[in-house]
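In what comes next, chain A is part of two complexes: it sits with chain B in the first one and with chain C in the second one.
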Partner chain A sequence: MSFATAAERRSRRVDRAATLRQRIGHLIPFYYWAVLPALAATLAVVVLPLMYSFGLSFWHYVLTDPRNVHFDGLANYAHALNDPTFRNSLGTTFVYGVGTVAVELVLGMAFALVVNTLTVGAGLVRTAMLVPVFMTPAVVAFMWRFMLHPDLGIVNYFLALVGLGHPVWLGDPRLALPSVMAVEIWRNTPFMFLVFLAGMQSLPSELFEAAAVDGASFWQRFRSLTLPLLMPLILVALIIRGMDALREFDTIFIMTGGGPGNATETIAISTYRYSFRNYDMGLGSAVSYVIFAVVFLFGIYFVRRMNRTRVD
Partner chain B sequence: MSGQVNRAIVTRRRFVQTLGVSAVGLLLAACAAPAATPAQPASTAPAAVGAGALSGSSIRFGALANYKGDALEKTFPDFEKATGIKVLIDKLPNPNLADKLTVSFASRSPDYDVAMMDETWIAGLAPYLTSVEPLVTRDNLDLKQYVPNGLSAGVYNGTRVAMPLDPNVMMLWYRKDLFAAKGVVAPATFDDVIGAAEKLNDPANGVAGISVSGGQDGQVSALAEFLLWNAGGEILTPDKKFGFNGPAGIKALQTYQRIIKSAPPGVLAYGYAEQINAFYTGKAAMVFYWASIGPDATNPEKSQVAKDVGWASVPNAQRGVWTLGISKDSTRKDAAWEWVKWITGPVGSAEFTQNGGGHSPRFDVLNSAEFAQRYPWAQDYQKALGGARSRPQVSSWNAIDTVIMNMTTSVLSGQKQPEDAIRAADQQVAPYLT
Partner chain C sequence: MHPVVQRVVVAFMLCWALGPVAWMALTSIKPDTLVAASPPVWVFPPTLSNYVSLLASADFQRYLANTLIVATVTSALAATIGFLSAYAFTRFHFRGGTFLPLFYLVVRMVPRITLVLPLYVIFTQLHLLNTRAALIISYTTFALPFGIWMMIGFLKELPIDLEEAAAVDGCNRWQILQKVVIPLAAPGIATTAIFAFLLGWNEFLFSLILAGPDSRTLPVLIASFDSDRGLLWGQFSAAAVAIMLPVAVFALILQRRIVSGLTMGAVKG
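Then we have the complex of A and B:
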């Protein structure tokens, strides 16, 4: 019986390690290992918090009642869907989202059509149009809140000059939602305008020249050429703005706080109220996932439409 | 080559499978209990440590970012000179301070050793606060020096978890010149206030009878709650029901509707800033607001009507005491207590009031000549505070208060009748009262 020398034992250990490395390398190629750090970082900062909040949505977890933390199943979802205020906020969100995006789409397209035909001053108009996009939403909200102030606002000052009185824009339930929607439209129409203008300027001019030679009117050219060719861009713009509008928080929160009553309370405001007024993290998380579901379904619908448009 | 391709396909599958298994594992982990249940408030005092032994230490203090925070900050040099303890202040605006304290304390690794808290936050924060009862006993604090209606704000479920810093109370601030011109005497009750508002309301000359909040603001719920008390109701009944749901609640909301008829035209969009601004700029003959506006209302640099401002106490006024509490998870409780003891003691409290921070919870400061000189309404203030009412001490107060605010603004803006609004609010409040 002979014993392995130290050198032989070391050599076997090295061989075993090499074999292990080979097996792992065979199982998972190097390039997968190379993306592992990035994957781990993404998991840590994106996926884990999402999963944590998703888990939280099944718990009764109120920060001010820490002795009563327990698993609650779907109770938070049931609570949210049975809460008339939340159901009302779903409706308000729908009106707000559809209303603002539709008007932005029409106005953005109209402005783009006009600026696209300008031969002089197009650059200046384009730059001026972009100013609202670059303004911080909170600043925009404060600015408009002051401009719509019933006593001190410039809007009511001019209305009073022409004898139209002093409407309470943000305190009257009939005016509050249209007012915040108008501010959102003012802020985001330039985005639509920019996307559509860029799209129009990249369209082949030969098609339009041929249509003009064939005697097509402006409206016919717009309906039969511009609109179909821009459809993929329109859908992308609708997806981006639609998702933004469904999640809108800062403008409404600063301008009306969701009031008067619940007249301007969207689901994002409800989430804030549940999470940071009531400190109900479970319910707040559940409502967040309802928003996620709404935005997800909206996104899926438009992406499918976009893919179909591309195939056509 | 094909073998390599096949191997790559299998490996990718395994990779995705591994990811899937990991994701399920993570999901299960995420569904685990969110936080450990904290223990009861500490009931034993830390061993006494001489102030000298704490010299050189520092504490973190979360406070309001307004004139109160500024006034507190001005006292730091004297406190540091007296104890050698450094105070590091973090000033945050009102709603953000509550959020930050709650989230930070719930994390069990608090950002602050000492927290400045409105009395309505105490019930929610109590599980994270240390009991100061043993410290009060250990240091022989003379609690008889404190106004009882201010001192009681720091007690939750029979345990003292905070000391009063600045008891605020609602008072009536009015224009003496307008009252004299119309022969109206200073109101003694809130019914008198409403009567005076209707007499003094003069929209043709741009002067409203009274300025109140009518928009989405905490002052709306504060006034609605006061009107409920005035109508003989309670916010929460003894059997834990929503007190607005009854004749007193309906009367309270109807009275609010009546009041806004004598308010400035834009009242439905008024928050606290517009409310007091209307009074300072001469657009309203009265404002029913916290005593803390006294220094600004009577300061000609801040108020156009400063020289004509009068004041009066009103029965059943709402109390709002700013308090100081110590985090249960603080590792510097002794130094934190030294700060709380000093700033609520005779020297610190006097300095705080002279710096313009607000009122004092202490009789020795309130009855001093210096205080009376700086706060000429001191007598009426003490009378108002003595008869003031407090909001219920429940951990879900924020949620209930928000429902009251929404209920009231929906009535004021004409969306709902008082009965319908109260019925809807009752349903919304119910889950928070179980």
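Then we have the complex of A and C:
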């Protein structure tokens, strides 16, 4: 009877590790290894936190008061829904989302219709319109805050030239919401434009030539050819922009922080205020679930509509 | 359409897109005394002093380094991980292979503000608050749904015959990937990498909440300028121009694929 030398033991261990690897390799085929990292990251960073905050939303949990953590049932949801500020922010979110997306849709479509008829310069306009879409949102927000400054901003300088006075854009409760909406529209109309232009350029031109020969006016061609053919694309653009507008945070946070008062406070800003100003994690979770629900229902609704249009 | 209408609309669009940016660039090279002048000064001796003081500021240097590290690592990770998933989805039939892409579409819908709160609590408990790792992990995951869909669209278009031929010639799986698939899919991988880089470069909310002095990125620095004291506008404008430079370069590179990118492949650009 002899003892294995250290070298033999090591090589045996290496052999066993190799067989184990091989066995797992056969047990778990390549494609599962390939999808694993993305799935693991998504579970850890999206799914798990979502479940955690869903749980949190039923607890009384204030970070500054760690001794008093207890199950609270639906108290956080009840608190939010009874809070006039929060109900107000639901309305603001709705106005902000619907208003910006509607204007972006119409303007983007109009821009695309015009640029689509250009024989020269379409490339230049397209490139220029990439700028607002890709600019850092924080920079966009700050830049506009600087240009909308009541006394020193360039916007009021031009307004004063034509005698329109000195509106305090972000300080006046009636003007603040339209102002932040205008910035959102400035940033995202080019997105709609780029998507619609790409769509129009991919439509078969024979169809339009035939319609023109038959004497259809520009407006008639738009109504009965462009619009129906682009409908799936319009829905995609609406889904993407709508979901982003409903949860927009950066622009409003930097421009007004939800103020003055709570004139520009959307649900996303409310969530921030409850969680990171008041450190109420339970209430913050409950409110953030409301945004999640709104965005999710909106997304599902449009995806279903889109599938129906495709079938037609 | 009437050429006058065309010209007016095109001029309007160019002002729309470039006017504010041009005004900011102009402000960034103004001498301090003229930055907040009213009426605005259009002609002045240009100066680079705003850029000089910006580049010399320790805060800017640190935040720039953070941003570069976070955005670059996010970009590399998202492109690699996303590519592997997309490759598996387009080349193999397996359980979950049709469900998972739809799952990622739903993940794309989750608002970041809903995630930042639980992640704040989780990262605090893991002692990852105020680390670049926390930002990189989060951003990579946010970039994945887009990247996976982008590359699924791309890989579907590639002829599988080439891969089969390589397999017949005796290449193993990694050789096929390395010599056939990756070179052919390079434009798709690059698009994903650029979009992920821009996500890491532009993101504000997570950097504001999960990061501290050691990991904060440039958008948070921008937001910390005090806009009500006109004096800082010159510096802000210089910082804004500096942040926008890489974005502008990448947007130009991406031009051709940008629309299919923005819509996660729903539209061929």
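Observations
Everything that follows uses one rule, which is that the second predicted complex is superposed on the first by the 270 of 312 C-alpha atoms of A that agree within 3 Å, B and C clash if a C-alpha of one lies under 4 Å from a C-alpha of the other, contacts with A are read in each partner's own complex, and residues count from 1 in each chain.
Criterion: a residue touches a chain if its C-beta (ideal position, glycine included) is under 8 Å from a C-beta of that chain, and two chains touch if they have at least 3 such contacts.
Remember, predicted model here, so these are calculated numbers, not experimental data.
Of the two partner chains placed around the shared chain by superposition, chain B and chain C are both touched by A:Met281.
Residue contacts after overlaying the shared chain place A:Trp219 against neither chain B nor chain C.
A simple residue count on chain A separates chain B from chain C, and the partner touching more is C. By the touch criterion stated above, A:Tyr52 is placed in contact with chain B and with chain C alike. In the superposed model, A:Pro29 lies in contact with both chain B and chain C. Put simply, chain A uses residues 29, 32, 48, 52, 56, 149, 151, 276, 281 to touch chain B in one complex and chain C in the other.
By the touch criterion given at the top, residues 26-29, 32, 43, 47-48, 51-52, 54-56, 58-59, 61-67, 69, 71, 79, 83-85, 149-151, 166, 168-173, 256-263, 273, 276-281 of chain A touch chain B in their complex. Note for the complex: chain C touches chain A at residues 1, 5-6, 9-10, 13-14, 16-18, 20-21, 23-24, 36, 38-40, 81-82, 84-85, 87-89, 91-92, 94, 96-97, 100, 103-104, 106-107, 109-115, 117-122, 137-138, 140-142, 144, 148, 173, 198, 201-202, 204-205, 209, 218-220, 222-223, 225, 227-228, 230, 233, 236-237, 240, 243-244, 247-248, 250-252, 255, 258-260, 262-264, 266-269. Put simply, chain A touches chain C in their complex at residues 29-32, 34-35, 37-39, 41-42, 44-46, 48-50, 52-53, 56, 110-111, 114-115, 117-118, 121, 124-139, 141-147, 149, 151-152, 154, 157, 186, 189-191, 193-195, 198-199, 202, 218, 233, 236-237, 240, 243, 246-247, 249-250, 253-254, 268, 271-272, 275-276, 281, 284-285, 288-289, 291-292, 295-296, 299. By the touch criterion stated above, chain B contacts chain A in their complex at residues 7-8, 11, 14-15, 23, 26-27, 29-35, 37-38, 99, 102-103, 106, 123-125, 127-128, 214-217, 264-270, 274, 278, 283, 395-396, 398-399, 402, 405-407, 409-410, 412-416, 421, 424, 427-428, 431-432.
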